[in-house]
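Questions regarding the structure given below will be posed in turn.
Letters A, B and C name the chains as they come in the text, with residue numbers starting at 1 for each one.
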Amino acid sequence: MLVFVLLGVSVLIFAILMTFSPERRAMTYVETPQQVKDIPQIIKQHGLDDPAHVQYFRWLKQISTGNWGWSFVAADTVWNAFWRYLPITLELNLFTTPLIIIIGIWLGTQAGIHKDTWLDHLTRIFAIIGWSLPTFLFALIMLMLFYGYFPLFPPGIIGDKVQMFILENPDKFHSYTGMYTIDGLLNGRLDITLDALRHLAMPVFTQVVVVVALLMRVMRSSMIEEISKEYVITARAKGADNKTIYFRHARKNALIPVVTVAGWLVAFSMEGSVSVEIIFNRRGIGWWLAQSAIALDIPVLMGMCLFFGLVYVVTNLVIDILYAAIDPRIRLT
Amino acid sequence: MPKLIETRDLVTNFYTYEGVVKALNKVGLVIERGTTFGLVGESGCGKSVTARSMMRVVQEPGRIEGGQVLFYPGEDGQEAVELLSQSEAYMQSLRGDQISMIFQEPNAALNPIMTIGDQVAESFLFHRKKEMCAKVLEDLKTADLPWPGLKKLLEFFYRRAAADPGDRLCCWASRTPILKRWQQRLFREARRRSVEIIAALDIANADQVVDRYPHNLSGGMKQRILIAMALACEPLLLIADEATSNLDVTIQAQILDLLRKLKKKSISSILLITHDLGVVAETCDRVGVMYAGSVCEVARVGELFRNPLHPYTRALLDAVPKFSVSGQLKSVEGNVPNLVDPPSGCRFHPRCPLRRKICAQRLPELALAGPDHLVACHLAGGRSGSAQVWGGR
Amino acid sequence: MADRHPRLKELKFTLYRIFRNPSALIGFCLLLMFGIIAVAAPYIAPPKYPRSPYVMPHKGFSPTPRPPSRQNLMGTTSGQYDIFYGVVWGTRTAFKIGFVVVGIAALVGITLGLVAGYFGSLADEIIMRAVDVAFAVPLLVLTMAIIVAFGRGLENVMFALALVEWRVYVRVMRSGILALRDMDYVQAAKVMGVSHVRIMLRHLLPNGIYPVLVIATMDIGSMVITAAFMSFLGLGAPKGYADWGQMVALARNYIIGPPGDPLKYWYTIAFPGLCIILFVLAWNLIGDALRDAFDPKIRRG
């Protein structure tokens, strides 16, 4: 099933790709700047005038060997640039994902338990506003307030001083993961970690506010549904107190449908990184993707489609595993 | 016989978007110690709501609006506790311990993602914690532990918990990682008891069943598990809410047989809610008939079947298929009234073949119409042998 | 007689339920306001070039925005475009984007969903596998890819969004139809020899459309957001076009003013930004109320 989805995505991308002229498509086969001049030769060499199905399988082979073409936005091959940009996005999502899940589930549970109280209404308002906020606009407003008005949280990935220090002392700071918060700790430089965290605060906040709203609402309605189920009365008739009913009985059941949504949202928040990275000037996957779209850098967009398809497939796999872990009725086969 | 539980003028409403559903209209019932009381009526007439109101487990959007539920915990049935005015904490200590309930949908009534053992053990953990801690303490004396400090620590915890089940320190420790493992012996004890009670209900391999999930078991098994949960703490009153309605006839018979046996052995009273008059005739001592949220007739089983006084009861009895009578089966004319806007006066009057003017105006009250025979009908009020009013059958 | 028709009665009840909800009322009022602005745009802000009213008029080319004055009610943004004009005509753009994208996507999605749900078997399999594949790539990424393929411009953004968004409607519609397909009245209609098209249109569509309506209402908001982001990036509306997202893009370099007065150019982003937020909020509020009103579980407790 998942392999099928990936194959389907590749067909989809190829279909989009085929709408381009052979000249533009030739760009996907370029690996160095010099080759850009030899486009006609590349067309001939790679048979870009061949029938579609022949080209498709050839292209698939190409992709699977890691040759994803040349990105002139990154001035590198797509493959290399991808691994260069990935840690920045990964770092952002490393902070947002747990926050979204924890806050969303916690607030949703509370709202579901205290249905129709002020807390429920407050979270409802928060959810609707949060959901109506375009990420890029909210990010701009955050930047305006917390960088312009209160110069607390600057945009970017890391401060100039730290950047200079790293550039000047390449031997003292070794990049293990490409994520400054973690590298700072690994190098024993707490100041670098703190500086990176300072730059991360606003992007993380923006993304969490926008994404958490939906998860919260889903958790709430799931919780309300579970609380009205028969087995809750059974537990009550056994003499269970509210805490036991809500947290031991209802919540775990309520989580079952939420797992799917949470998985989607985590994948979605990867996508949400595009606006956040553009506004806060964090040069990660999202930033690269947007810049490539602006510059019509085709190979990057095609590669990203495939990458996000992969994220989708992996997310679904994780969801399935989580399902089996929570729900004893489902057995992994 | 001394009373066990009594409801007086119980009123429960459900607040839905379509309006207020007046589910219970001044329900008054008395259940005596050591008897089986059957509550019959069509579906939707408020039988389950009555039972749930007694235990105060009515779910949203329902609310108990008025009346009293008197519970007599003492042997002589003198001292009464008014349950509706008690605190929720008191009710929690009562539910499952003194009054417990078996539900009609064994599939829905069990938490699908908890093991059977955990669900049964909950009853013990809620109500028998003190006792079990004392037992564990006893066992600890002879237990072999890897190092003496651990034994001291465990004894410390269990002594505190045995003295006061809600002990702050113990509660705190049960939430802290690693430290919370002190409870393991308690859980083991609860599990042992669960296996015991499940085995007592004629379930084979009880020690394996406790580790299964509800979806692994058959409907009859699940119903037994529910009974086990209800019986765990040997309650004074067991409410069986349509406990057998959704089961096959053979399993139904087994479960009823089980209930009868259990009643002889331990529990003192059963409130059996059903729409099956056959079940009532077989198992109950006294019967109450409900219609559209109010009780219309209460009598001893034999008396009710022999001499039904309320027209609704008669109609119900006529609707039971019999071998002796051939021809078309009679049904109760008309439909169940909409409880958002119930009929005025006697709620049965629009369907009643014998209605008079007064029936639409005044709600008849339950009145004694014979020895131990109460009926709420203007036409039978206070007179015995008034069956002649309707000219017999 | 018409009043007795069960569907009309249900509709009346639904409307009553919607308007009992204060947040729906707010949303409706907001939408009404935007609707009036959109309809009356030529009167509120008479276009300078009647042939292309969506081009914002501008005096001069100075990149520095000017604060609100009598001439420019909401000030001018970078390039001296009049913000007030842009906000007013941007309302039309927003409605256009929302209705066109959701309209096309919903039409395609509902049709495919009906076919997949009703006929099942092979048709279902083919359509749903296609949807599965379409779902694997996120909205933003796939939209960008299609825009890159077909070129920039607002029309292409709308086209690309519709091309991506139909997948949602197929799933929602199909799941609704699956629940209805085995209902007795549908089976009865089949047995009586009612044609497939008629069953789908008369029996399935009216009963299965509610979840689609809810999704569509909320989707208008999120489509406007996505289109605005595309314009913000420079993939959608061209510079000077009356589009809120494009106006935010113009304001981008001025969100932080000179040192000492960091919020000097607040008006450049505040007005178009507020418009986007309120517009989306209005649709979401209504969608939320619709969901509550249509949900049989919440509808009647």
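Convention: contacts are C-beta pairs under 8 Å (C-beta built on N, C-alpha and C of every residue); 3 or more make two chains touch, one makes a residue touch a chain.
Quick caveat: nothing in here was measured; it's all calculated off a predicted structure.
Trainee: What is the chain whose Cα centre is as far as it gets from that of chain C?
Mentor: Greatest centre separation from chain C goes to chain B.
Trainee: Sort the chain pairs by how many C-beta pairs are in contact and tell me the top one.
Mentor: The largest set of C-beta contacts joins the chains A-C.
Trainee: Please report how many Å separate the Cα centroid of chain A from that of chain B, as a whole number.
Mentor: The answer is 52 Å.
Trainee: In whole angstrom, what separates the CA-based centres of chain A and chain C?
Mentor: The separation of the two C-alpha centroids amounts to 24 Å.
Trainee: Which residue numbers or ranges of chain B touch two or more of the other chains?
Mentor: 60
Trainee: Name, in rising order, each residue of chain A that touches chain C in their complex.
Mentor: Residues in contact with chain C: 4-6, 8-9, 11-13, 16, 19-20, 124, 128-129, 131-137, 140-141, 143-144, 147-149, 225, 267-268, 270-271, 274-275, 278, 289-290, 292-294, 296-298, 301-302, 304-305, 308-309, 312-313.
Trainee: Inside the complex, what are the residues of chain B that reach chain A?
Mentor: 52, 55, 57, 59-60, 89, 92-97, 100-101, 103, 105, 108-114, 122-123, 126-127, 213, 215, 226, 229-230
Trainee: Please output the residues of chain A touching chain B within their complex, sorted ascending.
Mentor: For chain A paired with chain B, touching residues are 115, 228-241, 244, 249, 252-253, 256, 326-329.
Trainee: Spell out the part of chain C that touches chain A in their complex, as residue ranges.
Mentor: 23, 129-130, 132-142, 144-150, 221, 225, 228-229, 232-235, 248, 252, 255-257, 262-263, 266, 269, 273, 276-277, 280-281, 284-285, 288, 297
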